[in-house]
Amino acid sequence: MTANAPRTLAGYSLPLSPSGRASMLTPPPWHFSGEVLMVDYRVDPDAAAAFLPDGLDPGADPGAAAAVFAQWQWCSASGAERDHPARNQFGEFLVLLACEFRGRPMARCPFAWVDQPVPMVRGWVQGMPKQFGVVHQSRPALVGVGGPKLAPGGRFTGSLSVFGERVVSASVTVSGLAEHPPPLHTVPLAHTLHFPDWDGGGAPERLVASAVEDVEFSEVWTGPARLEFGAAAREDLGALAPVEVGAGHLFAYGETLLGGTPLVG
Amino acid sequence: MTANAPRTLAGYSLPLSPSGRASMLTPPPWHFSGEVLMVDYRVDPDAAAAFLPDGLDPGADPGAAAAVFAQWQWCSASGAERDHPARNQFGEFLVLLACEFRGRPMARCPFAWVDQPVPMVRGWVQGMPKQFGVVHQSRPALVGVGGPKLAPGGRFTGSLSVFGERVVSASVTVSGLAEHPPPLHTVPLAHTLHFPDWDGGGAPERLVASAVEDVEFSEVWTGPARLEFGAAAREDLGALAPVEVGAGHLFAYGETLLGGTPLVG
Amino acid sequence: MTANAPRTLAGYSLPLSPSGRASMLTPPPWHFSGEVLMVDYRVDPDAAAAFLPDGLDPGADPGAAAAVFAQWQWCSASGAERDHPARNQFGEFLVLLACEFRGRPMARCPFAWVDQPVPMVRGWVQGMPKQFGVVHQSRPALVGVGGPKLAPGGRFTGSLSVFGERVVSASVTVSGLAEHPPPLHTVPLAHTLHFPDWDGGGAPERLVASAVEDVEFSEVWTGPARLEFGAAAREDLGALAPVEVGAGHLFAYGETLLGGTPLVG
Amino acid sequence: MTANAPRTLAGYSLPLSPSGRASMLTPPPWHFSGEVLMVDYRVDPDAAAAFLPDGLDPGADPGAAAAVFAQWQWCSASGAERDHPARNQFGEFLVLLACEFRGRPMARCPFAWVDQPVPMVRGWVQGMPKQFGVVHQSRPALVGVGGPKLAPGGRFTGSLSVFGERVVSASVTVSGLAEHPPPLHTVPLAHTLHFPDWDGGGAPERLVASAVEDVEFSEVWTGPARLEFGAAAREDLGALAPVEVGAGHLFAYGETLLGGTPLVG
């Protein structure tokens, strides 16, 4: 290195380093395989609308919402993370609100929690508001009776705790196979890129859609569901508590997340 | 309550309470459903023999051992815990040594770690030396490519960390189906009941076999394996590090644990 | 090793091993240094009496109780653990009930939670019903205003969560120095040794007192307090919720725990 | 709400919400009170220079570095977080490299880890590359012998583990009081604001200095130190391993962090 050459630090994300390999995040694409417990529900339509930024409309079914628990494994393009279960697994809970962008059905995620730091920061890169929570979720028991069977009568439960308080609890008792995946899990997510302005030079907010490919669903089990927001679901989150609970769904899901596409009104 | 009646505190375990329902542990039977990653390996036969208490012999295949990762769900007789995934799931890693009691093939577990407190204490009740560790283990990806597929070429990894240091790491690349479950997972476990003497009135050590029923195996995938003990596997544990690594196995397993039976020499 | 010599496995606790050094627990004495947040309170005297085993009486002040949060560092005789903060620190919350054994003032601990596995198991060795919980507690801020000052007006908070639900929350606003340590922190603890019977050969329950020496208190700050049991304090624990809240105390405390002494009626 | 009014979502950070109170981060100022264990050390000067972005120079003492463990409490302007120890405490480890901006002494932080999510994301807002790790650090024992005394001969230890592997371990044996705080803890930090470009509209990197006020030091204990990077300190981090270890320091520190100031070359 000579003193006169401009020094460059590399990396997709912080930490930047000489080689770029110290970056906490790998660049997309990111591949995901997950097991999902999802409950359709309805919120007060005005409450839902109040969570939609300019550019998104409530659409054809105002107040349609979903509560989604998932246990994920992920890897980046190299696939290297697949050999590191301490790094490539995480649990997630998120709320989805039905909406439209210029007539195109989409979903808005007002709240999300994950239990690992890498997907949390990766959420912020996308404009997805992932916070940190403790997520638990039943797995299908393949043999034995220690857990629920993925068969009629099997009851699966998800729970979210944040800072030591129970925020959400849900369960689904599967009764049969659905013909289609739940609609709110098939539409693109519309996020708002928003970075706190630290030095007076911050970028403006931008509405973006997540671009995914290689979407894959297993068969979808469905049945009656329970969904409860606890006392710790305060203020804005509390406004999205269920006014009606619909069907629940159990399925596996895979996708590749490619990047973000501006939604220009 | 009258002052003269003897007061009784109830419970299968501490905490004892008026109703007995405060007990940390439910009484057996306990039902278990787990997903297992197991690696056959060999240790120095003298090292293995040094871990067998009086009454157990090395048997027909001295030095035969196994490293076992498992992700469990459990419930007690009522099944109530199945609805509480925050309570009924845990990860485990344990070492098994082949041995015999009066010519009967058994397994001795010199070391075990779990990542939840209830199964840890439940281990001590059985004489199973469960300590606290952080266990990670790949799950089969049903769709998508975020994790390994349970199909030829799928590579599954397990890791154990204790007090922030990596102790064990293993992986299995499944290549096909085995005809039989791995033998060391089919024999009874022989534990030593041992309670530190706190008040001068302690009970003597006793050798016991765990009694199980309703054992159930899924199909067993098998293939070449890797097994490494880290620098943090010190002293006695280090003596059980692999001198040779055999085949690896992936399977689901269910059992009901009933209690302990004295092994009387 | 010859085949005819009886094999011996050594250790104060499980895991037993050839050298004995694999034992999860070191033998007593154990030295403790802690920072304590304690709230005096009163429970329904009948509820308290129902938690006293035969041999213990409510004594002169039935219903006197305390809620105690502590952040501990510990070491065994060698002092070696002092160099391993990942091993020698833990947080604790416990309830104390005033009682007497043959006219001698003592304290009964019906419930306790710690956030590390070694002190949890060590509790069971003593008959102290330690379960696993997440404990948080304010520390005095020596400089800056990020935390409370140990000076008049400084408010200190403790909280306990178990399985993702808030169980207890308390705060003390210190106003001045007390002349004496809080009495319930100065009397011996009376525990019940109780081991679930696994093989039909279990030992009977025994009432024991913890023997300590080198007890040391810092100055004791005191002031008004708040104490709340959450909705997750169910059934037996709920019966010990406060009917009246007294003064709170902040102090540092050191002791050496030597072993247990039978309390023979 | 009328359909024609532009909808606004508020918040300093994600999650944005109607009230703005759902934001994960409060806006600055943020007040900090911490207990610090710091070890002066030296790295290879070329390795240090390779971590300095354009605009920063190695300065008068190339290769001067420090390893800093801290246990923090924090609150925002309202002080509300002081009553929530589950939210306002975190542990941190960071590396500091001596550098200069246009002749002004500063410090560059190439790597940092914290054990709570809020300070992690808050770091990214500032350009500080905070990742997630498990940090342990001795506290002074005020009474008893369970932990080290802040007195000559007292030995304090810090450790960092990431993804279950030990990365850094350090200890300081205090021998006396220093006359001045350690220089690398008294200069401003120069960070690089860097946000991965998600949608093709990302902001350029910017060099910023953190602006702080109300800096306060306790007395500073000092003495010989030990500092070790483990095998898990790979690649770029490994390049900053110590080539020489200097003195260690124990002190309390307070500051208020106000925001970022562009460093314009």
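Descriptive notes on the structure:
Which chain is which? They are A, B, C and D, in the order written, and residues in each are numbered from 1.
Keep this in mind: contacts are C-beta pairs under 8 Å (C-beta built on N, C-alpha and C of every residue); 3 or more make two chains touch, one makes a residue touch a chain.
Treat the numbers as computed from the prediction; the structure is a model and nothing was measured.
Interface comparison, A-C versus B-C: the pair with the greater number of contacting C-beta pairs is B-C. Counting the residue numbers that touch the partner chain, chain B and chain D have more than half of them in common. Centre-to-centre separation between chain B and chain C, using Cα means, comes to 30 Å. Work out the mean CA point of chain A and of chain C, and you get 41 Å between them.
For chain C, the set of residues that touch two or more other chains comprises 84, 86, 134, 136, 159, 161, 164. On chain C, the positions that touch chain A within their shared complex are 134, 136, 159, 161, 164-166, 231-232. Per the touch definition, chain B reaches chain C in the complex via residues 1, 6-9, 11-19, 21-22, 24-25, 27, 46, 49-54, 84, 86-87, 110-112, 116-118, 120-121, 124-132, 163-164, 192-196, 198-203, 206, 208, 235-237, 239, 259-262. Looking at the complex, you find that chain D touches chain C at residues 31-35, 71-75, 79, 82-86, 88-89, 134, 136-139, 141-148, 155, 157-159, 161, 171, 214, 216-218, 252-256.
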